[in-house]
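Worksheet: the structure to be examined is printed underneath.
In this document, chain identifiers A, B, C and D correspond to the written order of the chains, with residue numbering beginning at 1 in each.
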Amino acid sequence: MISEKLKSLFKNNEFQDLGFGSKAGGSGRLLNRDGSFNLKRKGQSFLQSFSPYHWLISISWQHFLLVIVLLYFTMNLLYAFIYYFLGVETHLAGAITNTEQEKFMEAFFFSAQTLTTVGYGRISPIGFFSSFIAAMEALTGVLSFALVTGILYGRFSKPTANILFSDNAIFAPYRNINAFMFRIINGRSNQLIEIEVQVTMSYTTREENNTTQRRYAQLKLERDKVNFFPMTWTIVHPIDSNSPLEGLSIKDLEDADAEFFIIIKAFDDTFCQTVYSRGSYKSNELLSGVKFVPNFANDPDGSTVLFLDKINDHIPAPLN
Amino acid sequence: MISEKLKSLFKNNEFQDLGFGSKAGGSGRLLNRDGSFNLKRKGQSFLQSFSPYHWLISISWQHFLLVIVLLYFTMNLLYAFIYYFLGVETHLAGAITNTEQEKFMEAFFFSAQTLTTVGYGRISPIGFFSSFIAAMEALTGVLSFALVTGILYGRFSKPTANILFSDNAIFAPYRNINAFMFRIINGRSNQLIEIEVQVTMSYTTREENNTTQRRYAQLKLERDKVNFFPMTWTIVHPIDSNSPLEGLSIKDLEDADAEFFIIIKAFDDTFCQTVYSRGSYKSNELLSGVKFVPNFANDPDGSTVLFLDKINDHIPAPLN
Amino acid sequence: MISEKLKSLFKNNEFQDLGFGSKAGGSGRLLNRDGSFNLKRKGQSFLQSFSPYHWLISISWQHFLLVIVLLYFTMNLLYAFIYYFLGVETHLAGAITNTEQEKFMEAFFFSAQTLTTVGYGRISPIGFFSSFIAAMEALTGVLSFALVTGILYGRFSKPTANILFSDNAIFAPYRNINAFMFRIINGRSNQLIEIEVQVTMSYTTREENNTTQRRYAQLKLERDKVNFFPMTWTIVHPIDSNSPLEGLSIKDLEDADAEFFIIIKAFDDTFCQTVYSRGSYKSNELLSGVKFVPNFANDPDGSTVLFLDKINDHIPAPLN
Amino acid sequence: MISEKLKSLFKNNEFQDLGFGSKAGGSGRLLNRDGSFNLKRKGQSFLQSFSPYHWLISISWQHFLLVIVLLYFTMNLLYAFIYYFLGVETHLAGAITNTEQEKFMEAFFFSAQTLTTVGYGRISPIGFFSSFIAAMEALTGVLSFALVTGILYGRFSKPTANILFSDNAIFAPYRNINAFMFRIINGRSNQLIEIEVQVTMSYTTREENNTTQRRYAQLKLERDKVNFFPMTWTIVHPIDSNSPLEGLSIKDLEDADAEFFIIIKAFDDTFCQTVYSRGSYKSNELLSGVKFVPNFANDPDGSTVLFLDKINDHIPAPLN
């Protein structure tokens, strides 16, 4: 019985927790394919959990630009009202003031010209009050755009790994036994150095009291670190007698609600920083009795050609 | 006798110093709950210890903005005096110069328009001297705001961990023995990776010569590292026969002026940097004979729900 | 037979893969002298692999400035067309509008003055439409230059190591045996701290089925880490009985298509960051029966003089 | 004989090289007290070794500001000449052009107003040529100040440790033996975490062929890492029978031209980065038969007071 085997495995293995805890994740997957967690957070007010920097760094570019444009208009509206109530005719030299609408418009665009420090000067502040407000607005503008500058560049230069995973993890023949394998490629043409990989299997067992417990077991890899990563790397867990996968079928893994977590850590040569990538395979993403086909060729000019679109190519291969 | 037990413990343990030294901290706590040290520094002049960057990065946002605004006004005042003494009528074209007050005001606002590079141009420098001063002021402005830009963004993007600690550390039953436990949650919704935790107990012993010595002992944890930290993590020190806490009551710990130091290290996935968090528990923050209640639930949609406000929830549980 | 020896070596050594895979690199070198890989990537659309940040950080300074100037002109052209079609006479106050050509020119330069926020004001927007476009253009300008600011500085401050390698790696007498050696110097006068070096030999073996397999063997170094790196560092692999080079001639290495990969890791004291450097020697860059000549001298004033141009100096030295 | 003892020590110890090499440093010190190396680099052209970023980050603030001001004037001069030769009367609207001198002055200040994007507009470009040059100058200005912004902030925020070392290293009684000791304090009030220290002794031996060889031996420390560093840390090398210092006097160390190198590595909590500090003691900075006096006291309010100016305080203490 699968549950028995996995439970016995757990006996010698009990603290290999990835940090999810032993009762988490009833039926769904814990880690989504994109590396995010299938988790909701409650019981914290918006303000307690809100971190403006994390938010502005993480939202999409469309949302980010929308936020900037909205802030820009809001600030201009605010200052426009101030200039408008001070009196455009007397406080803004050069403004066209035939109608109330025109007055507000001139105040608004004068504000925009001050906030961005473009300051054409057709409209200019005259007298203490508007000059003072304009001086504060110019300061506000410089400081606000300073912050935007930083966030914009922070977003743009945020170190991220773009690791391509093969769609499936496979059970393939390997030497005299079988192995659990998947392939990864660097999706960018920059260099990753000193790449480390960890694969953890998560599964559930049914306890005596009929509750479900989630267990974790780290899979021993043929090789868990390489110095360079210019090519495809096939990550291999040999299913020997010590493997928690020994004797299990894909059906067994489905029954145990198994999930394979992958953590990849590397040094990015362009960002000069450590980057992480996460991924996971659920049991419906497993294939058995196939092997991967090499996805590179030697070019006549002496260099090697890597085919990124062939990362999933596999052919039937009977298991041992 | 508690003192004897802790002293004998120290014999085999003597170099586990956290860096506080053996005579520090008579009666108060060494490490405040917010992670700062209960320490005063003397014998160094202000200039020797003053680091502008550390200061500007560390002060509150209110103070920081106040500093910026004060600097802005001071610089404008300074340049206003220069233009004023050069002579506003002859050196600033376009300025309104009916009264001395108006002259100074125009000089001040011209300065502000130059420093922020808004340069409306209603007032503009004419002749060598004011043009030269204005050229230097514009350079000053660009350089000053460059520095402010950097510090503003440095403050905003400073990698910080926001780890929530349970209010109390508890003595709870654990397998066949008891354990010292506390819980932590990531206060932000971003991801922390490869989290490591160290717990050190500090206590005082009375020496033969009747002096008090402060000792340190690192507590062995059931698990001191997890890969992910999306959920609550209960940090557990099993009180087995090797534990310095074996056989001690909360009263004993109070007598020995015990304090538990926690250092947490993690990789922040948004900042792409290593972050640290510190915390501590004094003996009056300990509870005995209780256990924590799980603070998450499985959602019908397959995801897991985490309740951050239930981090402290506990129920009575008789010790073994 | 060389192939036999190297094949037997591989038996005990089989997972020392640098990340190139065992079938890569038919005839050419895998790693170019400048540290780049001799590799082509195919099967990925341009957009999939394109990372603007990596591209803008990696292109040459000439190309980078060209990209900036082209973008600047394109954006100005775009906005100039908008102002031109709105009508320069009615929407841009102060513009000279005798001919169509002049109108477009004034629109173009007004755009440039807005985008850079210089805003002289001889030409200024009048009415809602041009004022609105100008307000958006000023915002665009500030945001674009914010991004350019970041990239410009990112390029300028990108941590890079400038390690000079000796042109040749040599086989030299060493104690009672021989050794494989090469020399490195820090090409900059800044300090590198905690320098680590790894040397891996790659070679091909002919298999039973007449295919060629590429193998890897890490070379054990006399010393693989130093704390400081102010001087020349001679990296030494002693060719003892455990060395994969034992008994091999340069001719043997040529036949096995050998390549020596070097990875250097250090902490840069100026950048305060970890930097990496790569290098490689092919068999035609090896010399046998020579030794390096010291390239420093003691100055009469007590300091040491390092001659960077003498890094390659060597004299004949019969092998043991 | 000292030389014999140190030579025999070297036999079992021969690869403990810090990276200076065995023949370096005849008579002077290798590492200056400020952590710089006593070394001259020759044989490299200026351009080969020149790294603008390293230079601009490393020069003093006075030199840096001088460089900026000089560049600013040079660029304005250059552009002023262009406008001047185009013809100020016809190409710069609003300029005062009574004398040639005035023309050049107006061209110069118009350039300054363009480069800083202040753009008052009293003087403004008119016609294609000056408008085009001004558009390019504004772009140049924005890009140049972008670079200056980055460097300015890079200088300001450069992570540096400010570790205070005691003036002398001492030989003091320690338990039943003696020890080599010195003290360090964090010169800033920010926090350093996970501080590691390495102490290496360097000395010369006279070889059979009457040449001098420089040797290195790492000193084993009582404790080489602490978690926090709020107080004074006394670094202690116990002189037991395994110590290279066993049985040696200060006179012996002088004869052997001994130097003690200290490398300190820590994580700075404000910069969120790893910082390094270097130091060294020559034999004339050693004291024997003294011990350090504690330089802190317990405050009545429960906190601890640290006296930074008492780091050197010591009293006589006969050696064991």
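Following the convention adopted for this analysis, contacts are C-beta pairs under 8 Å (C-beta built on N, C-alpha and C of every residue); 3 or more make two chains touch, one makes a residue touch a chain.
It should be emphasised that the depicted structure is a prediction, and the values quoted were computed from it without experimental measurement.
Of all chains in the assembly, those touching subunit C and also subunit D are A, B.
Of all chains, the one whose Cα centroid sits at the greatest distance from that of subunit D is A.
For the self-contact between subunit B and subunit D, the two sides draw on mostly distinct residue numbers; the shared fraction is below half. Here the CA centre of subunit B is 37 Å from the CA centre of subunit C.
Our note on geometry: subunit A versus subunit B, Cα centroid distance of 26 Å, whole angstroms. For subunit C, residues that reach two or more other chains under the stated contact definition are 113, 117-121, 149-150.
For subunit C in complex with subunit B, the touching residues are 117, 119-121.
If you check the complex, the residues on subunit D that touch subunit B are 68-69, 72, 76, 96, 105, 109, 112-113, 116-122, 145, 148-150, 152-153, 156-157, 162, 187-191, 193, 195, 222-223, 226-233, 267, 269-270, 272, 294, 296, 298-299, 301-310. Across the complex, subunit B is touched by residues 15, 17-21, 23-30, 37-44, 48-49, 51-54, 57-58, 93-94, 113-114, 117-121, 123-126, 128, 131-132, 134-135, 138-139, 141-143, 146-147, 149-151, 154, 158-159, 198, 200, 261, 263, 271, 273-276 of subunit A.
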